[in-house]
Amino acid sequence: MSIVIRRYIPWILAVILTFFMALDTLVLEKNINAYAEAIRKAQAIIGTHAVIISITLFTRIHGRRVIKDPKRIESWILLICLWIPLIWGLGRYAFYGVKPTVEPSIQQVFSAIVSPGDSTIYSILVFFIASAAYRAFRARSMEAAILLIAGSICMLGNAPVGELIWSGFVPLKDWINNVWVRAEARVIIISGLLATLALYVRILLGYERGWMGRGE
Amino acid sequence: MSVDLTTIVNLTAAGITLMLLSYLYKENRFFRIAEHAYMGAAAAYTTLISIDTAWTYLYDYVSKGHWWWWLTIPIGLLYIFFFTRKYFYLYRYPTAIVMGIGMGTIVSRYIKTQFLEQIRATIYESTTTQYLLPKPLDGILISIGVLTALFYFYFTMEFKGPLNTIAKIGRYTLIAGFGGSFGLTVMARISLFIGRVRFLYFTHPGPYICVVAAIMLIASITLDYMKKSK
Amino acid sequence: MSLSIRPTYVGSAVIFMVSIVIMFLSIYLTKKGTVKPKIRKLPGMDALDEAIGRATEMGRPVHYTVGLGGVGDSQVIAGLSICQYVAKKCAEYGVRFLFTFADPSVEPVARDLIKSSYTMAGKPDEYKPENVIWLSNRQFAYATGAMGLILREKVAANLLLGYFAAESLILAEAGFRAGAIQIAGTTNSYQIPFFIATCDYTLISEELITAGAYVAGTPEQVGTIFGQDIMRLIGLILTIIGLLFWAAGNRWFYDVLNI
Amino acid sequence: MESKKPMTIWEKLENMDVRYIYLLMWVAISLPILRPIGIPLGRYSIETLGLYNFIDKLPPGSIVVFIDDQSPAAAAECHPAEIAIFQHCVNKGLKVLFYASRAEAVPFIESTLQKVLGASKDHPDYGKKYVNLGFIPQYEVGLAALAANMFYTVKDAYGNDIKTLPFFQNLPTGTAKDWAIVIYYGASSVDWVVRQITDVYGTKTGGGVAAVLSSRIYPYFPDKVVGFTNGLKGAAEYEILVKRPGDAAAGMDAQSLGHLVIVIFIILGNLGYFISKRRRM
């Protein structure tokens, strides 16, 4: 019995929902479409609860670190930056009805820490892309040479300085972008779908059980 | 000199920016502090936003008298049983719901956008594309590229003789595309860094912090160098 | 109740049915032994053992991440099923196994999975909950945490198999600076170039999602790969027929694909 | 430790410490920002010219709607475009209605007004020619509501009742039919704007978008989207067209130097690789 509750019911639930939602995208029927829309919203609500586990465990890991070694400033900082805005934001939301998107102090935390963090880490990519290009764009083999040539042409065609060096870079860049990059992207998309179909069949038939853990 | 809130926000922002960038030299204490502050604040902010979204959905239904929507909360709370030793498997119910809905929504929609539409686009572009070579050639190149590269992924066949050549052409198509899109991305990344640099150099009190950071960097490089030469 | 197929979705419905039939058939035939598909080698997957072995020799941890996606994403599911294999191997060799992710919905699944992998390897006591690390549910905060972790722990193997967006290169560069052997895989066509450029092995798109079945190797799993190849053949044939019609100046087939 | 032969210069070039690359990148990008060089931009792209010519031909008093959807990360590319396009509208005497479709983008409206007019709500033309509606949530739903009824938000971002503002007097229909063009600034998606405005009311769409979005905007160009500035380069072109060289134009120098540094490093790496390979043989 226990394996039924542990494994079979969740699995059957997933199968039924998959087919129902697939039906919704294919079929025009007022009730089905309305139910599907409601189910999708319910899923968003249910899925949000997972964050409880994550935040609890996150706090536990760093709490233990702090207890073991109270001099670990970074874990202290993490706990402070996590819990103070969270409690304040929730409290303001619950008791005063102020949405976190407009609550000024939450917005200040956002623009003091989160927003600069986002844009800094995004922009740190410029250094990494430079060093990746330096290491990878080396004509070691035929493939590497193709990578090197296509990459360098596109780089030079994109920057104004490339046009100053040789005016041919721009049409060549457009050609690579619109012929080769397009063909590549299309194949990656199609092949991703084919594999996804096969994976879903494996899940629906119960061969692929990674998503349920292994358990017993 | 009065210190207002904007200055404090800008000061923190500039500090976080430089501390995170210090990773470029090496993993260090300042980076670790900024990293943890950022991780914590980001988790708090994102969680608040997702709670807000979820509550908006829920309230929308509940306020219309659909009381059964409250049931989504206990179903979601099944996740908490993960902490118990005996009933931990109950987390699989919300997981199954989230997954089943995700899969179902994607699968049939993607068959259209990622399969049929892509095939149609390939057919359409076979004659309409013209960039460098004379009229039909560019389109033919796209078609050949798509067909061979798709063939390259074939799993249950060993490539021999002419098949190997086809697969190789497919592989080269993919690589050319990868190279191209690598090169094209550089510009967007530099743009992002320009934004950051401009913030640091031109927003009060960014420049002062930059100077402090530069001094600290030089000091740390000197120290490391002395340690190494010893 | 009036039921009709959404306009322009007839083709999708047909392909959906056809694909299910083909998958069933190919699983059935493979199980019966009528067809014996031989899967070509995936160098990236074969290198997993090498990577774990290297980590054992160096006494440094293995870092594994499934990226940004939630548990419903096919790339994450694929990443999790490869994770089973890696976690078990790490438990057997006694290598520290660090697992990171961004979406909270992955948390219970991953913990359950890794814990049972340790149990299956016969070392349930060596599973350490603090080695499964949620970094943040915001994209770049997750990337920051991962890049800090990779360099701090000096990981010997950096396995990036899952859903990645712009942070792909951040993780790969951190792995490079830690001197790790890197195996990566994703289906996002914008990110594959960075993995190709920085990692030792890359599982491109389809290869990632199929890798789970490749490792398992049971007839049913191999059967679905065979079915996948038949679907590919259908795609190739549809494209070729469409191109021939189009070249002859006939739009009919092109329009048929959109009914 | 094993004994090491000293590396030749070519081997050093082959395996350079990446931190030198980081440093040079930083310098190459910073210098032109502090002191622009003025590398010529080359040809104007057709997308930028499409937008410029469309706005240039509008009669004075036409209504232009700006949708701000830029995240802080995308702002580096979109904000300069917004300033340049707004400057163009001011020069031509057009009326501009601002609103933000994501909360993070609200400050950029204020900043645009400040940078072009030198004032926002205190400027004499505020309320007559320029109105900032602030944040309107729920992307497509919000835009559809605004398009159907321009008085939908009741108040502007500064708390003024919009019925009292001269901007909203004597509107022919009070819907998106009165608008001359909607311009989207951001990096996420332009589909919803086209779907709600161009497809329903026939009003054209324009854009000041980050380069990552360009591939998804091309299918609409040039019928539904008359033109757009593509990333920083497009913004720089627009700045030069309206003769207000600013952040983007200075940024293009940084772009050129940055690309050049990467290409030089690639060449050095290959040189090092080939020469040391020949020596080893």
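Observations on the model:
Chains: A, B, C and D, in written order; residue numbering restarts at 1 for each.
One rule holds for everything that comes next: a residue touches a chain if its C-beta (ideal position, glycine included) is under 8 Å from a C-beta of that chain, and two chains touch if they have at least 3 such contacts.
Note that the structure is a prediction, hence the values are computed from the model and not measured.
Shared contact partners of subunit A and subunit B, listed by label: C, D. A comparison of C-alpha centroids places B closest to the centre of the full protein. Chain pair with the larger contact count among A-D and B-D is A-D, by C-beta pairs in contact.
Of all chains, the one whose Cα centroid sits at the greatest distance from that of subunit A is D. Work out the mean CA point of subunit A and of subunit D, and you get 24 Å between them.
Separating the CA-averaged centres of subunit B and subunit D is a span of 21 Å. Separating the centre of subunit C from that of subunit D, both taken as means of CA atoms, is a distance of 35 Å.
Centroids built from CA atoms put subunit C at 16 Å from subunit B. Multi-chain contact residues of subunit C (touching two or more other chains): 9, 12-13, 16, 19, 70-71, 74, 77, 105, 108-109, 111-112, 137-138, 140-141, 144, 189, 192, 194, 196-197, 204-206, 210, 225, 228, 232, 235.
Subunit A has residues 22, 25-26, 47, 50-51, 53, 58, 101, 110, 114-119, 121-127, 129, 131, 133, 135, 137, 147-148, 152, 155, 158-159, 184-185, 188-192, 194, 196-197, 200, 203, 211-213, 215 in contact with two or more other chains.
Shared interface positions of subunit D, i.e. residues touching 2 or more other chains, are given as 18, 22, 29, 73, 76, 233, 255, 258-259, 262. For subunit A in complex with subunit C, the touching residues are 22, 25-29, 31, 47, 50-51, 53-54, 57-58, 61, 64, 114, 117-118, 121-122, 124-125, 128-129, 131-133, 135-137, 147, 184-185, 188-192, 194-203, 205, 207-208, 210-215. Residues of subunit B touching subunit D in their complex: 24-25, 186-188, 190-198, 201. If you check the complex, the residues on subunit D that touch subunit B are 19, 22, 29-30, 33-34, 73, 75-77, 210-212, 231-233, 247, 251, 254-255, 258-259, 262. By the touch rule above, subunit C contacts subunit B in their complex via residues 8-9, 11-13, 15-16, 19, 37-40, 70-74, 77, 105, 108-109, 111-112, 135-138, 140-141, 144-145, 147-148, 151-152, 189-190, 192-194, 196-197, 204-207, 210, 225-226, 228-229, 232, 235-236, 238-240, 242-243, 246-247, 253-254, 257-258. The residues of subunit B lying in touch with subunit A in their complex are 5, 8-9, 12-14, 16-17, 20-21, 23-24, 32-45, 47-55, 57-58, 61, 69, 72-73, 75-77, 79-80, 82-83, 89, 91-111, 114-115, 118-119, 121-122, 125, 129, 131-133, 138, 141-142, 145-146, 149-150, 153, 170-187, 189-190, 192-193, 195-196, 199.
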